[in-house]
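Labels run A, B, C and D following the written order; every chain starts at residue 1.
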Amino acid sequence: MSFDGSPPLVSLADYERVATEQLGEQAASYIFGGAGEEITLRDNVAAWRRLALLPRMLVGAGRRDPSVELLGVRRPHPVLIAPTAFQRLTHPEAEVATARAAAATSTIMCLSTLASTSPSALADAVPEATRWFQLYVFADRGVTREVVAGAAEHGYEALVVTVDRPVLGVRERELSSQVRSLTVEGVTDAFKSTGAATPADFTAVIDPDLNWSDIERFVAESPLPVLVKGVLTAGDARLALEHGVAGVIVSNHGGRQLDTVLSGADALPAVVDAVGDQLDVLVDGGIRRGTDVIKALALGARAVLVGRPILWGLGLAGAEGVQRVIELLLAEVDNALALMGAPRAGDLDRTMVARAPWG
Amino acid sequence: MSFDGSPPLVSLADYERVATEQLGEQAASYIFGGAGEEITLRDNVAAWRRLALLPRMLVGAGRRDPSVELLGVRRPHPVLIAPTAFQRLTHPEAEVATARAAAATSTIMCLSTLASTSPSALADAVPEATRWFQLYVFADRGVTREVVAGAAEHGYEALVVTVDRPVLGVRERELSSQVRSLTVEGVTDAFKSTGAATPADFTAVIDPDLNWSDIERFVAESPLPVLVKGVLTAGDARLALEHGVAGVIVSNHGGRQLDTVLSGADALPAVVDAVGDQLDVLVDGGIRRGTDVIKALALGARAVLVGRPILWGLGLAGAEGVQRVIELLLAEVDNALALMGAPRAGDLDRTMVARAPWG
Amino acid sequence: MSFDGSPPLVSLADYERVATEQLGEQAASYIFGGAGEEITLRDNVAAWRRLALLPRMLVGAGRRDPSVELLGVRRPHPVLIAPTAFQRLTHPEAEVATARAAAATSTIMCLSTLASTSPSALADAVPEATRWFQLYVFADRGVTREVVAGAAEHGYEALVVTVDRPVLGVRERELSSQVRSLTVEGVTDAFKSTGAATPADFTAVIDPDLNWSDIERFVAESPLPVLVKGVLTAGDARLALEHGVAGVIVSNHGGRQLDTVLSGADALPAVVDAVGDQLDVLVDGGIRRGTDVIKALALGARAVLVGRPILWGLGLAGAEGVQRVIELLLAEVDNALALMGAPRAGDLDRTMVARAPWG
Amino acid sequence: MSFDGSPPLVSLADYERVATEQLGEQAASYIFGGAGEEITLRDNVAAWRRLALLPRMLVGAGRRDPSVELLGVRRPHPVLIAPTAFQRLTHPEAEVATARAAAATSTIMCLSTLASTSPSALADAVPEATRWFQLYVFADRGVTREVVAGAAEHGYEALVVTVDRPVLGVRERELSSQVRSLTVEGVTDAFKSTGAATPADFTAVIDPDLNWSDIERFVAESPLPVLVKGVLTAGDARLALEHGVAGVIVSNHGGRQLDTVLSGADALPAVVDAVGDQLDVLVDGGIRRGTDVIKALALGARAVLVGRPILWGLGLAGAEGVQRVIELLLAEVDNALALMGAPRAGDLDRTMVARAPWG
């Protein structure tokens, strides 16, 4: 893919650069910013680079198989689309374009509660995409129940409950820009019924008192498997296991909540050690390279979620841009499996990754 | 808060930037400079950023309580105003403005011996502020006793004896600028009676031979609880305990005394381990974020003191500027308590903080 | 050596700088680029610099002897010319010029399978050069066997089988430039018979399914000693030993295959520990200084291979440039042996090298 | 001290900056350059900054005593002038000016064998300065013996035998500039009798085969105590002890011999552990601050030597410049002793220094 006769975009970093130039400043501040000094935001990317790979040679790497098992189902590859809010800020086709790219690449898409497209509208528009639903639990549990029921009804296959957002993080780029006064169109009708109209409104209705008992109740009532997203410690991973969830997503919310928390890459091993043999552990944050994906799997993750790069592709070229970003990443995964001497994703293990001496 | 139609100031770093631009060079050299290469000055800030946070999720964080117990009294929050000299260099209303902001935010203010406002004048002007008095011990103990008696008489609630200033540090920005020849107005009459007229004069009358026996005598004679400020090692903390003080402030004098000494953040744990269960341990130096405050508490400090940021606010907008700086920091503390899963300040402990992998 | 009246070139870094300026962009992209973010490419150089030397004094260093034993033969020094592809991109005299410089400096030259000069043509042109042959194993084993037989017939003294290239690395500078569409002249006739015409074509015919059994068969059939190039772990080094090879070259393919793998300098010690007493262990990647060579030997390598610097010299001044680069490096080796207090290369050992405190 | 109405020079870094501007490029290349990539040159300075200080408070620091015992004699302070070659390149009064400053500050001056002033001429010009003589051992031992006898005769109190210079280091700034062809005036007549005329000539007549037996013979024959300069390891320090020397100077020759060897700061502790209770251990390299001196003493050095800063002062203002540099450093030492809570140099110990967390 190339734009305006400029050189082809051959890495996710190329997409980032061009997308940053082309998106307006408001959207860029919202999409790319993080909390505080953005130390965690930067470290999400840097932490993967601080890991060194130890490849094996001469294993016969002519055919590669990146498939993984996720919630008991074999998936063709380990890359998922992370939930991100308000994709209409990035492209007019918003989540519909993203879902089309997901379908084209056999990628699971997580739809955000704060999406610009309602779960039902997306299901109607792209029924062929495999979809999970990311849930913010509202203080109004009635509204919440409606949202969950709607997701199940429209073919979403799992619930991803975000647990690291009792309050909104200190995001200075948003405070400095005027993104807070944006009017958001298209979010779930249920959500709108709370009276919220701006991003700040929407986030204000999320329940700050959510706790593990609530999670246990959700698991019991949910027609869908429940994952919790936002766990960073072994202790919380064990609590997740005790309260019956199907999986945990090691995540710091893309560096947007509390600055100086650990990156996904650095938090992952302790979580895998604690619950990796009993729960599906996924990770997000800073995945920019096929080698990052390989490192996550070698450390014990089942799969990874990718957020901002999807938006870079979406902003540049809608569904085609998202598809190209995913294909580029999957091509790098394939290449890395061959060069690691781990032609099947399942061949990867912890002996193949180490703290880098350059770190 | 915003100045000249420019973007709103949303972090202490914003205040630093604008204050540095607006204050004259003389004041800026005196306020912002440190000793030697300023390695410790920079590390005071950097050391907090080298600590990673390990937050807990789903604890129910809807209501937060930042209150702490200090010298046996519950205080509404853990942020204090550090003593800083000659605030008239920064703003004509000087310590009076600072005290008004302290009162408005329920913050304890430490008045410096080298203040531009005498203890009695400040007490008369802002009786509603909770005030501690920072004491430099003069070679002339008669003058010293007068100063202490005056502080007690005017409602100061604790004595903070600075112990890391037997001689003045090598501060090159001061040597290069002409700040040394500034005439200081308004310092304590007792102090003036020594004949001192310039900052160099004032610092020259401080007793370089102060020792632990002197401290023990002060404690015995003092009508107020005594804290020592400037301790950096476990050994000195134990000596402080043995000589009867009520608390220690882990401090390197804002990086202004001896370059390459440890930051407060790095010196704190050993001091807490040595005496934290018997003395109140406070810390200052480099606190710029709510997350820095949270880290100090998690490492065992009872409270923190903030110096330069107060002066940034003071220089920009007097009492209103100081108040806004404190409120901004307290809002970040509240946010961090919620996102740490430690809604009460007392919920924080050492398992929630670790040396950062990016450090 | 000096160009255009500019200052003399007194280090390999000088050659790099001038060569980068003078070579066209296409060649420079191909020659200097690496895989991915080029983290490993940069670390290949940086890793040697992270090692500190611990020299001994007063050993009598008037006469130095840099000779080493390699495959049972004493060689006058430990520097070899690494195989690099398509040298005609760099200079019209290509491998012939390189071989002349090798002969003039008693340096072993490894000819690449992907050379611009066929093994027979090079042997005819510079019979006096000691030559090894680097082998890419083609999926077509008949072609491969022809290539090997030809190399043996024309006086090549060892086979260096590259094992870290089942597929081509993700090299973005190549993807961005048009080097992929270059037509390559002069490669082995056998290779051409596969129908390949461009670099991408050539690399596409290499067998991605090569495994250790293939290596064992090669060793059994080969009239020449076999080394494997591209091993980075102790496990693979032990497999190499078990399958009968004569030596291993610790290498990451000049940072051109999989980004974030360990540098040669960091991978070497584990390989030496595993097999160093039974196999010749060589290393390449990032050697730019005599001190780098000395560190490799101190860590247990028998010899080092140098790649890009040879091309810098070749590009600037053909055979004379290559010769000057090698002589410069050997002069630094001699100097370092004297200053280390290790006048014979064999005097070097692990006590003389340590992780640098500045690393 | 101030030049051209510019701000006063308040640190050695100020002297470095101004001296670099004012000295011609040739002299600057010779004086300031180091070997190879100049990694060790830079680390000599950086290594002291990687050490953190742990000061003690309230010890009574009104009076400080920086005196140390050196070769059995109490000296008023621990700073020595390191031997540096050809000071006439820096200032026309050369070593005579340096010696005058040494006398004025009670500092021991080490005269270099490669000085621009002969030992006898210096003794005649500045008899009141305490002088040591730095010896390069020539292949011609007769010349060497003459030099030693002359030094003893003219009141030099110790011999400092440089042992890390069997050959000249790879100094690229010298190779690039034309300093090698400089004609040197005024070196020892004995030395001149070898026929040497340029720096390269002079260094060429130094004996590369010097060994520990030679040192033992020197010690036996010498009328003066013998120190060896250039030891970096515990092993060599033990050999020095066994061969009868009076002291060792931990030194890497100002980073001018072999790049990537350890700095004096990092090599010092092992040497002190090995022989510190039996020999005087001194250290040089990168001392720029009073805190650097204090760290060296705390690690067990008896004294430090200062090289380039002396030349900065000399180049800027002859004897007065050197004197000011030494006084500035001694004032910082005094300040640091007070602020460390170690009013006597002998109060310093290893518990007061630690690897810095910012290092």
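Rule of thumb we're sticking to: a residue touches a chain if its C-beta (ideal position, glycine included) is under 8 Å from a C-beta of that chain, and two chains touch if they have at least 3 such contacts.
Because the structure is predicted, anything quoted here is derived from the model rather than measured.
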| item | value |
| --- | --- |
| When chain A is superposed on chain C by its C-alpha atoms, the rotation angle in degrees, nearest 5 | 90 |
| Distance-maximising chain from chain A - centres being C-alpha averages | D |
| Homomeric contact chain A-chain B: same or different residue positions, threshold half | different |
| Chain A and chain B, separation of their C-alpha mean positions in angstrom | 42 |
| Chain B and chain C: spacing of chain centres that average the CA atoms, whole Å | 59 |
| Sequence positions of chain B contacting 2 or more other chains | none |
| Pairwise touch network: line, ring, star, complete, or other | ring |
| Residue ranges of chain D touching chain C (in the complex, touch as defined) | 36-37, 39, 43, 46-47, 50, 163-164, 166-167, 169-170, 172, 175-176, 207-212, 214-215, 228, 230-233, 235-236, 239, 257-263, 266, 359 |
| Complex contacts: residues of chain B adjacent to chain A | 7-8, 10-11, 13, 49, 51-62, 289-291, 332, 335-336, 338-340, 354, 356-358 |
